[in-house]
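Here subunit A shows up in two complexes: once beside subunit B, once beside subunit C.
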Partner chain A sequence: MMNLLSGHMEDWSTPQYFCFAIRCEVCGEFWYSSSIPFSKAAQAADCLEKKELYDAIYQREKVRAKLAAGKEARELFSQCPICGRLVCDSCFLICDEIDMCRECACRMKERGEPVMP
Partner chain B sequence: MRMQYLLLFLLLCMLLTGCAADLTGGYLIPAAEGSEEYVTTLNGYLSEYETRNLKENLYVETADGNATACFDVQAMPAIDHGVGRYWYSHVLATVVIAVDRTRTDAVITGWKSLTESQIRVGMSSTSVIRNMLVIGALSYGLNPAAPAKQDALDFLEQLSRNGGFELDESDAPILLCLDYEAAAWNRNGQNYEVIVPEEGTISYRLGLLSDVPLTLESGLDESLLSAGFPLASGERPQGFPSNYQSAHTLRAEDYDWFLELAGDSSRDLRREVFHTRLYTTADLREHILSALLIAVVILLWKGTVSHRMLRHDVQWIVGAMCWSMVGWLLLRLFKYQLFSEGILCRICWYGYYIFQLILPVALLCLTEIIDRPEGERSPLRPLWPPFVFYVLSVILVLTNDLHHMVFRFEPGGNWNSDYYYGPGYWIIMAGSLLALVLAVGKLLCMGRRNTHWGGKIFPLLFCAGLLAYIIAYICRVPLVWESDLTVCICIISILFFETVLHSGLIPVNIQYKKLFTAAPVGLTLFDEKGRAVLSSCGTVPISPSIWRRMHMDPHKPLLRDSDTQLHAIPVHNGMAVWQEDISQLNRLKKEIQNVQSRLEAANNLLQEEEEIKKRLMAAETKRDLFEQLNCDIEHRITALSREIEKLPETGCPKGTTAYIALCLCHIKRRCNLFFLDRQGESLLREELSIYLNELAELAGYVGIQMLIRYGRAGALDIRCAALCYDYAFETILWMLKSNASVLIGYMESEGSNLIFRFLPGCDSRQWHYSEKFMAEISALGGEITYKDLDDAVGICMTLPLGGENCD
Partner chain C sequence: MLDKLKELRMLNAFAKRQSMGMQRKLMFYWVSMILVIFMAVILLLFIAGVFSRDDEQLHEVMELHLKNGQDHLGNHLENLTAEGLNLSKELSREIEGILMREGVSLEEVNDNPELLLRLQEVMYPLISTTLQTGNCNGAYAILNATINTKLDGAEHSRSGIHLRYSNLSTSSLINQTVVYFRGIPDIARQKDLELHNRWNLEFDIDQIPGCQELMNTPLERPAECYFWSRRINLKDTWESAMLLCVPIVGSDGTVYGVCGVEISALYFQFSYPTVETQFGSAVTVLAPVQDNRLLLSDGLTGSVNGTYLDGLETLLIHQGRYYNEYDTGAEQYIGLHQNLLISKGEVEDDIWVVAIMIPQNSYTAYTVDKQKTWIMIALMLFLVLLSLAFFLTRKFVRPITDSLKRFQQEETLEPGVFSGISEVDELAEFLNARARSQRLEQGELPPNIAELFDQFIERKCLLTEAERNILRYYIDGYEIADIPELAFISMSTVRKHNRKIYEKLGVSSRDELMLYIDLIRRCGRLQELF
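Showing the complex of A and B:
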């Protein structure tokens, strides 16, 4: 699941903070992870001669932020067992036999309640 | 917000600490009007109590541990509510009719006879309790079985209409008063007939109310009798009527109906008897309640204005105006709480002007900043004169007791009502009026383009109303003089301001909902917690994660979905977010991508086609080239092949071999010149000389001595050079055929021609150059001429120069 989430993540980070987005493949709405500020954002802007050092720190923190975003997204996204797409909780239905995305449920005429109404 | 909390805190402090008990006690206080003499008499019998005047109201004084002189109708409700536990009644006070026999001899027996007499009737006091006593007695007298206040009010109204009835009119021939008062007047030499109304009246008990038991020394009754007070037991001194049978003394069960009957007597007397204060507050309770109500309304209105206002500086000024009005009302309430009309009360009255005079100045300030950008500091400069004037005015008013330039009081009168205005007052009023006129004028000037006529008329009407009211108040027009100045000014000011807001003279945001409903862009206003406050029609709510992200970095747009981009801008206490539909953009982008991919495919196809065409063209060109070359040298190759075939049979192989070598050399160089010609290049004479020397060298193998001299260096056109080369080659061939051995050549430029001369060592007149060669010379505009010299014939080829000549 983490690999799937990681593969769908879009980088919306800036030099000041880290933020990642995942797009629900059913409703198309983007989910944005909690923005994590870059610890050296202020210093990096002031001290250009240490750019290489701060770039390394930035990359290290970005990897961590991406992991954190993945953990955060894992609570809000599911993989549809029918179509295999990554869907948000609003589009993922709890059905009687097997949970699935809204579109698959509609196609198979299954009824269910969304995880997050 | 902090300022408001501070003000509320101060208000609470004032209210709560104001209730703190100060149990000083030990005073004997005359709390009821006309009880001063009674207290003086008592003074000797309560040795531990000292007499002083009333400072607070009756209940506060009693709760403070003092002994207060009051009537039973005051004391009983107080005891019921836990204020004062001990009641000592000593004097019986009966409401009577006192007729001044020096001024009238009308026969007065009771209440009804007053209407028949057509003589002016008055009351000796305007105090609330005195009104209650009289109204109660009159109600009882008119209908002892079922006393009703309305009967008494109707009676007094009729009395007022017929002969005249006045409150606080001790000069009237007939007075409604207490019996011991009339007896006292008679003892002082006046001639009042004291009449106990035959229809009935009420006797009230005058006594002491205290929270602690009182120890009265013996002999009080005698002293009271000697002081002219009737005793509670019914015993009366000389000078009182003998018959009190119609007088009813209140019992314990009577106080409830009496209080219900006599309550609000002052208010009802004003409104229903004298028909005054019909549209304003008539008693203390109404004064207080109305002030509180207006203060609440002002604060609520301020809240709505703050909500509607676009600009913070305008909000601030409107807030200052509102708090000024509230402060004015609260100060007025505080003044009402003061029982004695002393210096503090007068200072409070002066203090009204702190709040009153700031209103026109604040309005002027508002109009000054309203047409300038928010935060601009320059408007403060032209506003300092009105502020200085305001400060000076307030100082002038507050120090009025020192100079009396603003208010001048009549000596011996009540300062509260017996005053007139000094020059300072008129200067202050003129200054305030000027500020108001300037402010309104500026507002109207700014709103002159307003097409709505009401936008100009209504503010002007309210402004004119305000001015008219103030002028009428100053002139003491009865209707206005009786009204509540503070409340009226506050209400008119708020109405004026509200019309100004509604007319658009001051910009407000009351149409935001309509604006948002009509806005085609998906705009939403969020508060600081991410809740949508205003949202345009059709806007989809945003998720918490998007809100968090926008809150973190509002300046960077983000995608809600593939076709919706969100932009945000922080606003005061929240954020404005609008959704941009980029589906068209995405569609165009996709179309462009499709077109681009199609163009790339077409481009690849065209490239391939071009490559193929190039290859085809190269092949064709090559073929054409070789055909031309073949055409050019074919006859030489044919001749060469023939010579080679004949070589084994020839008798002179050396000569044939040389001929073959010359031909091969010629073919090689001609090919070279052919390609140079196709390349469009020129040939230097030095290079041509190398070619010719090569021929000369080969010719040397067959015994031909050949020498060619050249003129100055330069470049030759290829065709010209090729003809020179062919000319030399064919000449050598003719030399071979003629077995000549010496050939001298000279090449030079003469004017625009190239002259190439040969002087062979034999007769060359029989030489004929090939037709093809001659045709090429003619085509180039040249010629070959023979010149007969003495012992030889020279050959001269003339060609027009081509190429670059360096001569």
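Showing the complex of A and C:
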């Protein structure tokens, strides 16, 4: 699941903040992860001669921020077992037989209740 | 010795390996404790002198009798000695008067029958009076003169008078018949006295040890030297007696002869009857002691009724704490003795004692009776203690054994039933809990639990396929956090499913759900959940 989420993550990070976004494949809404500031943002701006060093630190912190964003997204995104798309809790229905996305449910005329109405 | 010790140790180790019933073991401890207490009590009683109380009592009784006997006999002999001394004084005056009137010395009285007759005529009333007033059975006076010096044995034949009572008996001690035992028969005829059937004209002074020496020793006064002879056999008779020998001393120190009183063995027996005590018949004895031996044959013995004494034994003395033992060789007697000074001067230097003796057999019989009583009491006490121990052991062990029996019969102890012993109740509770646990492990469930499980399994049908899928992850041991990764669903979805699952299965938390799953797994009914 974490791999699936990582694969769908878009990088919205700036030199000062780390932020990632995942787009629901049903409703198209973006979900943004919590912004995590770069710890050396101020130093990196002031001390350009150490740019390579700060870049390395930036990349390391970005990996950690992506991992945290994955964990955050795990709370909200599910994979539809029918169509295999990554959908948000608003578009994911809990049905009687098997949970699925809203579109699949509509297509198969299955009734269900969204996880997050 | 070492081998035996090893054997004992092996036996002890073997005994320890043996399983023993609780009641028997407790009984063993009780009996051990009772034995220890019993021994301690016996020891205390022994130290307290309970078992030697008979000896102390005997000592007190004997001491009392000895004191009485000593006082009685001492007074008796002192009175007789006083009578003897008085007789000596009177005789001395009379004899001296006649000798002076006749103008002769005592040596010249020898071979002079007329003078001897005159002397005996004045001696008779004094002797007779002494006999009647004194507490004795005979009185005598011997002159240091003989009627015929040319006869064989004249050197130890001396003239004198000896009066005795003839018909001694306990019933007629007061009204006795006087017989003429020694002396010139003319006086007997004058006084109308019967001659003794073993009458002799003169005394054989060799029969009286110390008499000759006493007559040959010049003295100032008779009280300087007098003695009681050892028991002697009266010549030609079956009788024996002790004689008080008091010298008849003239004013010039010449010893005219010897006078005194007689106490025969028979008279002594009548005078000193046995005293019946709870320990047996006590015999009074007056006898000399020589080389730690009591010479009864040389002294006088009181009545011997109830004993086997014949008054002729030599008794070896063993000093004891409470009493002395007197051993004849064949018989043993126990008693006490006390020295008694009955002689004075250098003529007689034996130690005389007054003794009170009882046969050891009778005392042993008495103590055996008491010991039997003690043993009976001790045995009864022991039996009572044993019974008490048995009763207490049984009462103590019964609830335990009953509980064990119920366990053996696969019964569960009722919660409200208590044995009265907290440890046993705790054990019962523990065993009950374990038994319940074992039953659960064996698939057996208490009826209410089984019902709950049935209901839980029935409710499983209410779950959707997705919820059942989540439940299966739980059954497989996964945590909530693992499920999004496994099922590719969000955590919110998982939580929502959880709420539904709890609601449908009738549990309030994941812990309760997991407890159900665990118990159902233990009961072997887990398959029913799939």
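We take it that the second predicted complex is superposed on the first by the 117 of 117 C-alpha atoms of A that agree within 3 Å, B and C clash if a C-alpha of one lies under 4 Å from a C-alpha of the other, contacts with A are read in each partner's own complex, and residues count from 1 in each chain.
Note that a residue touches a chain if its C-beta (ideal position, glycine included) is under 8 Å from a C-beta of that chain, and two chains touch if they have at least 3 such contacts.
Bear in mind the structure is a predicted one, so any value in this text is a computation, not a measurement.
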**Superposed partners subunit B and subunit C on subunit A - clash or fit** = fit
**Request:** Quick one: classify A:S39 as touching subunit B (first), subunit C (second), both or neither.
**Result:** neither
**Included angle at subunit A between vectors to subunit C and subunit B, based on C-alpha centres and rounded to the nearest 10 degrees** = 110
**Request:** May I ask you to decide whether A:C95 touches subunit B, subunit C, both, or neither, giving the answer as first, second, both or neither?
**Result:** second
**Request:** Once the structures are superposed on A, label A:Q59 by its partner contacts, choosing first (subunit B), second (subunit C), both or neither.
**Result:** neither
**Request:** Quick one: classify A:Q16 as touching subunit B (first), subunit C (second), both or neither.
**Result:** first
**Asked** According to the contact criterion defined above, which of subunit B and subunit C contacts more residues of subunit A?
**Response** C
**Asked** Touch check for A:F30: first (subunit B), second (subunit C), both, or neither?
**Response** first
**Complete:** Distance floor for C-alpha atoms, subunit B against subunit C, superposed on A, in Å, equals 16
**Request:** Quick one: which bits of subunit C touch subunit A in the complex? Just the residue numbers, please.
**Result:** 464-466, 484-485, 488-493, 496-497, 500
**Interface residues, subunit A side, partner subunit B - complex** = 12, 14, 16-17, 19, 21, 23, 27-35
**Message:** Which stretch or stretches of subunit B touch subunit A in the complex?
**Reply:** 543, 545-546, 548-549, 552-553, 556, 558-563
**Asked** Inside the complex, what are the residues of subunit A that reach subunit C?
**Response** 1-2, 4, 74-79, 81, 89, 92, 94-99, 115-116
